[in-house]
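Chain lettering (A, B, C and D) follows the sequence in which the chains are written, and residue indices restart at 1 in each chain.
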Amino acid sequence: MAATAQAGEARPAFPPPDVTARPIDRAAWIAAFREVRDETERRAAPLSPEDQQIQSMPDASPTKWHRAHTTWFFEQFLLRPHVPGYRIFDERFFYLFNSYYVAAGPRAPRISRGLVTRPTCAEVQAYRAHVDRAVVALLEDAPEPALAEVIGTVEIGLHHEQQHQELLLTDILHAFAQNPLAPAYDPAWHFPAPAPAKGALALDGGIAEIGHAGAGFSFDNESPRHAVLLRPVAVDRALVTNGEWLDFMQDGGYARPELWLSDGFVAAQSEGWEAPGYWRRTEEGVWSSMTLAGLRTVDPALPVTHVSYYEADAFARWAGRDLPTEAEWEIAAQSGLDGAYGHLWQWTRSAYSAYPGYRPVAGALGEYNGKFMVSQFVLRGASVATPRGHSRATYRNFFYPHQRWQFTGLRLSQGRA
Amino acid sequence: MAATAQAGEARPAFPPPDVTARPIDRAAWIAAFREVRDETERRAAPLSPEDQQIQSMPDASPTKWHRAHTTWFFEQFLLRPHVPGYRIFDERFFYLFNSYYVAAGPRAPRISRGLVTRPTCAEVQAYRAHVDRAVVALLEDAPEPALAEVIGTVEIGLHHEQQHQELLLTDILHAFAQNPLAPAYDPAWHFPAPAPAKGALALDGGIAEIGHAGAGFSFDNESPRHAVLLRPVAVDRALVTNGEWLDFMQDGGYARPELWLSDGFVAAQSEGWEAPGYWRRTEEGVWSSMTLAGLRTVDPALPVTHVSYYEADAFARWAGRDLPTEAEWEIAAQSGLDGAYGHLWQWTRSAYSAYPGYRPVAGALGEYNGKFMVSQFVLRGASVATPRGHSRATYRNFFYPHQRWQFTGLRLSQGRA
Amino acid sequence: MAATAQAGEARPAFPPPDVTARPIDRAAWIAAFREVRDETERRAAPLSPEDQQIQSMPDASPTKWHRAHTTWFFEQFLLRPHVPGYRIFDERFFYLFNSYYVAAGPRAPRISRGLVTRPTCAEVQAYRAHVDRAVVALLEDAPEPALAEVIGTVEIGLHHEQQHQELLLTDILHAFAQNPLAPAYDPAWHFPAPAPAKGALALDGGIAEIGHAGAGFSFDNESPRHAVLLRPVAVDRALVTNGEWLDFMQDGGYARPELWLSDGFVAAQSEGWEAPGYWRRTEEGVWSSMTLAGLRTVDPALPVTHVSYYEADAFARWAGRDLPTEAEWEIAAQSGLDGAYGHLWQWTRSAYSAYPGYRPVAGALGEYNGKFMVSQFVLRGASVATPRGHSRATYRNFFYPHQRWQFTGLRLSQGRA
Amino acid sequence: MAATAQAGEARPAFPPPDVTARPIDRAAWIAAFREVRDETERRAAPLSPEDQQIQSMPDASPTKWHRAHTTWFFEQFLLRPHVPGYRIFDERFFYLFNSYYVAAGPRAPRISRGLVTRPTCAEVQAYRAHVDRAVVALLEDAPEPALAEVIGTVEIGLHHEQQHQELLLTDILHAFAQNPLAPAYDPAWHFPAPAPAKGALALDGGIAEIGHAGAGFSFDNESPRHAVLLRPVAVDRALVTNGEWLDFMQDGGYARPELWLSDGFVAAQSEGWEAPGYWRRTEEGVWSSMTLAGLRTVDPALPVTHVSYYEADAFARWAGRDLPTEAEWEIAAQSGLDGAYGHLWQWTRSAYSAYPGYRPVAGALGEYNGKFMVSQFVLRGASVATPRGHSRATYRNFFYPHQRWQFTGLRLSQGRA
């Protein structure tokens, strides 16, 4: 897929230099900014204005909205405070394209994002260009004393935009899956096969440290780095595959309540789940799946994806195994886990909560992560849709246990007696 | 508004010649066909692909869908049966663009119309051109023996398309009303002021006839023409105005349950109605209303519109008056009622039901009207959005009593002792 | 069934003397009052406190509530205005047991009736006794000038209570039908077989009069008596039977959309209807039905009941026949229709609306009927659950087209060319 | 309140002897059985059959159902497997009174529990007596080899019944709170004031052990006992009071989104929360609360109760403090925490999940706890409604973060740098 850049390329501009590096390398930051902004446009390029307009479910957002909202972020948090005399592109966009930053003012209801046909895609493109010019000018011209704060905000804005780049793909996949014609986002797209992997990585028990510290970007929810007590555990090197999932299905996995969490079985029944998300059985009984390349036959050798936590948990119980905790995953990833990144977000059995001593950062950006710390589960790794430069061992992704429109899969683990 | 042709124009091609006229005037029918098809495109012209994509509520449909569905109608009911070797534009459209004709095969769920981003507007335009060429060729070349049946289907197809032309405007108005930016469909649009009218038209009681008979097109629900017993009644010459409605509001009209049908008051409370549809009160307390020209101050002299049956009924009770029955309306209209057409559909107090002896026509087209004869009320007249040639005294429009996104208003009546 | 008095009995005290008869016969009115009040208690007698407590759906009410609400009616509209120094039984009951009389003050939400466990059944019994004593005393002692108004209110109160007597039975049947044990209200109950009837009653077309006028009680919605125009029609003498309904079912009646109103088919599908209400198919494929005597095998010779308007309409279409209008029914009933009363309420195809010139009576009692004149259909006749003295040719019952927990059936008709 | 035994009493029979004590003391087990069974009846005694019938929300159950279901448990899991020739009281009860044990067969839907009026309370009483006799006989006569298994099941059955004793009170409180009359379960009931407590209990960091091991009963979710890593923390000795909560309210606590989890604020807004559950403001602006003694003025000195996790979390954030983890709570409780038991269940910030190495027990009883380990939070301690003998430091209660009909409160904690 051209848009997600699977092919090899020259050294990328992203991630940018460490934000604490001195002197600040303005040119490198400008390159990083351009790279990320361009990547968003590359991902949107195959999509018609009609495609970019719709919101196919409340959890998803229109492509056009992703493009505008990531732009709003720079205008709201960077240009308005830092550029005297900055000409606002359109005052009304502050209301339209705020997502959930309560402290940043009133905002349009999430559910109505698909109803806003104006501004059009072309106007959003002009909005992006306007803001891009202003940001680049700011990076070029900001007085030295302000520069550290400027690049701090640029950095978070770029990571924020990368998160939306991933959502842009998962959201359009969901939208296309609703269309009886099953359109392809990119007919040449394919799921990247992980390197063959067998066996498990054994971890000793004892006190270890997880979480982010030191140089490099991280979100607030990755801190503070802190000690955890690990039990001895073995974490599978391979992701669970479609083939293994078909075994689970054939063994009645979706119909046996004893394998499921109670809420999970209710969800499976009421939603009519009998296979992973986007799977459809043809009239001949063959399973195919909606992908970014359109409808494709399910390949048993590939990792299973679009499974919810409920399903991952039931599968693990069926297999007599566990999902790893997020601490186990993080330590294992740092010890060398195959296929940790670039294929799927991997469900852990850790509920998403604050690390000991966690405090959100002050101001509107403090709404970023902390307020979602309830009823969700942590996923680790990174997926095929995650942009380059956006993966690290301490990264904490999180979704509700019923959600499955992301590229979500699993690997298993087992306690060692 | 250019699209709805408020200005005077040369003699129109629609309505077409009487379908029973002989010899059949092929050229006139081709002109009629082109005029109606072009009018649809004229109405869609101010709308971007994004605008044409969305379905802002279950009762509404996307502009693009209206354009495609009306085309499907000709392909399904005209070209497939009558043109040997006709090349189907895209087989998949039979599923996508069927609306509710169960007998015509399976169809996409109504609620998902807004999710179908492909085909794009451009592809729908090509679909229209393809079908238009085939229909014109058929009208030119159809052998004489088949021609009567062909033009019968063309005629119903054109009237069907005109209905969707009206919906196209009311649906996009609803869509734009959801947008905080309140975009204008046509900044030059204005509501046509009816000629000044006072007093009432007195009708004698006794047996009269209503319903369609004789030449000219009508829908099946207008037949058979039959006798009704009228009571002596006076029907107001003028439509109820915004000014009168403001009096009702100031008198607590929306908050006094004794004025309302029980279901109506429940609807008003649960929907938070305190004014007609699309009205908003500015911070200064002035009422404005979302129109096809965007947000406009409410003009007390104009007829009130976007009121539901529930509201019309409550207003009539507040005024100590009645809504006319559909028979009273029809007889009055034929006796010369001001502003009967071209402003608003007018609620009657007649529940929508079959005329005595009514039988739906056979085949899929028989689903047209009969199966909706429950829980709706008849509206008479025609609105500012109704295309030219689509109005007549026997026309029966119908909506549910809570609906108010159409151009719906009312006139009052009173029994004469 | 003892409670519904199927067996012959001595001359009943109800209906009471004509309210306009002079001199007013106080003793007869007291007897009528006692008879009706006792009948309510007879109907409640087989029910435990637990049975009397529950509200099995929003449309139904608890037995205990029916007993209390009918009592509240006399306290609110009779004793409070007419008995100086009347000792209110419990002030709080005015809120608890008002049903929908907005003008009579605030009231507990309908949906919560089943949650009010206190007052208990025993306390409601005491409430009834308290009010009964006061009403009888008033009927004995009211000064002559006030007496006419007093008995006017007593009369409407008694008819009101009779309506609730019918609901008491239909509501408890619904409640028992939810219980997997299928309890019997009265094991000896059976549905009364109508006398055998064949053929149809032919009515000439022309102007006729319907509605109530003259002596005897009627509700406001039966007035004014007025002229209608009848077409020539034949009304079946017999009600549609279970056997005929089984033919409809075997012919795919519930699965053929072309037989149904659009809203009706949606209801049938979403509710999973494949037979009349309360029917269940045993494992052996035999149809049985929940009745007041518990689960009973369906008898093909008996009239079909617990069918909605949607089903009745579909059946008529399947049979190539019509449902009669309410005017046709009324004229036919006065010409001698078999089984008009005492078996089932019979759906007509008339939407429930105001007679020409109808005005609700003033005051809270004016809320009685008029405010329900939307989206419902008229049923005529009277059912096995209707108390004696509560039937007449002009009586207009009404329910929504999807409702089927009442004893509702149908007879067919046909226009005569 | 007599039913919950606030006063001092002679040495209770419950908890029973340790299930591993040998020889088995049959008489002591019979006494324990009788004590628990009698306590259920004592708690039901103030309630009328009407009170015992209703289910005031899906999360609650009728008193009658609690009485029957706890009896079903003994019949299903004890008498059927262990008593040859046991006469089933009523075969149909296996369906009616199963709660969620999928492996124990089909069961009536939870939502319909309030619709089952038969069996009546009196019949349920007979059911209880029948089963009690059989259980006592089994405890007297069971052959020695089977006895260990028998008392194992009796023990879990008694703890299960105690859980329902608590629910019986919280459920009837919810039911009475729906009644505009605000009935009292026990007019003499009062909330027990905790001993005055100030300051915090300081815990050192380091490895500690939590969970159950050794003698005495515990549920499966309390095992295995395992090591955890504690950070240094101070846990408040006192519960948060109504007075402190009023400060939170006055400081705009319910209206400030920055204090809340995102899901929590949505819940607070959509449910209209502006105070703890059951609080009502009188017209004079005084807060009162629905209690088991009816409506009572809120006492600022008492612990606040009927708060959800969402509210507890917001309060802690407002106070600049934390909720303790369940490990912190357990270690603190064992170090001597005031008011740990007998007042309120205390929210911890620990999501409810499996202890490392947890495996549910085999068979239907294995459904007991494990399948609820998602989206809920752990509460520790025990409440005023918890029966005597049912509290211990390792006990893990759990509810969803929005629920607040239990006696739920909180205490705060703080990390020590």
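Here, contacts are C-beta pairs under 8 Å (C-beta built on N, C-alpha and C of every residue); 3 or more make two chains touch, one makes a residue touch a chain.
Since the model is a prediction, treat every value here as computed from it, not as a measurement.
Peer 1: Taking contact as defined at the start, I'd like the list of chains shared as neighbours by subunit A and subunit B.
Peer 2: Both-contact set = empty.
Peer 1: Taking all residue numbers at the subunit A/subunit D interface, are over half used by both copies (same) or under half (different)?
Peer 2: Same residues, largely: of all residue numbers at this interface, over half are found in both copies.
Peer 1: Taking the mean of the C-alpha atoms as each chain's centre, how many Å separate subunit C from subunit D?
Peer 2: About 46 Å, centre to centre.
Peer 1: Taking each chain's centre as the mean position of its Cα atoms, how many Å separate subunit B from subunit D?
Peer 2: 60
Peer 1: Express in whole angstrom the distance between the two chain centres, defined as the mean CA positions of subunit B and subunit C.
Peer 2: Once rounded, the distance between the two centres reads 39 Å.
Peer 1: For subunit C, write out the residues touching at least two other chains, lowest number first.
Peer 2: Not one residue of subunit C touches more than one other chain, so the list is empty.
Peer 1: In the complex of these two chains, what residues of subunit D are touching subunit A?
Peer 2: Touching subunit A from subunit D are residues 100, 102-103, 207, 226-229, 231, 257-258, 260-264, 309-310, 313, 349, 351, 353-354, 356-357, 367, 371-375, 401, 415.
Peer 1: Contact residues on subunit D for subunit C in the complex?
Peer 2: Residues 48-54, 56, 64, 92, 95-96, 108, 112, 114-121, 175-176, 178-181, 183.
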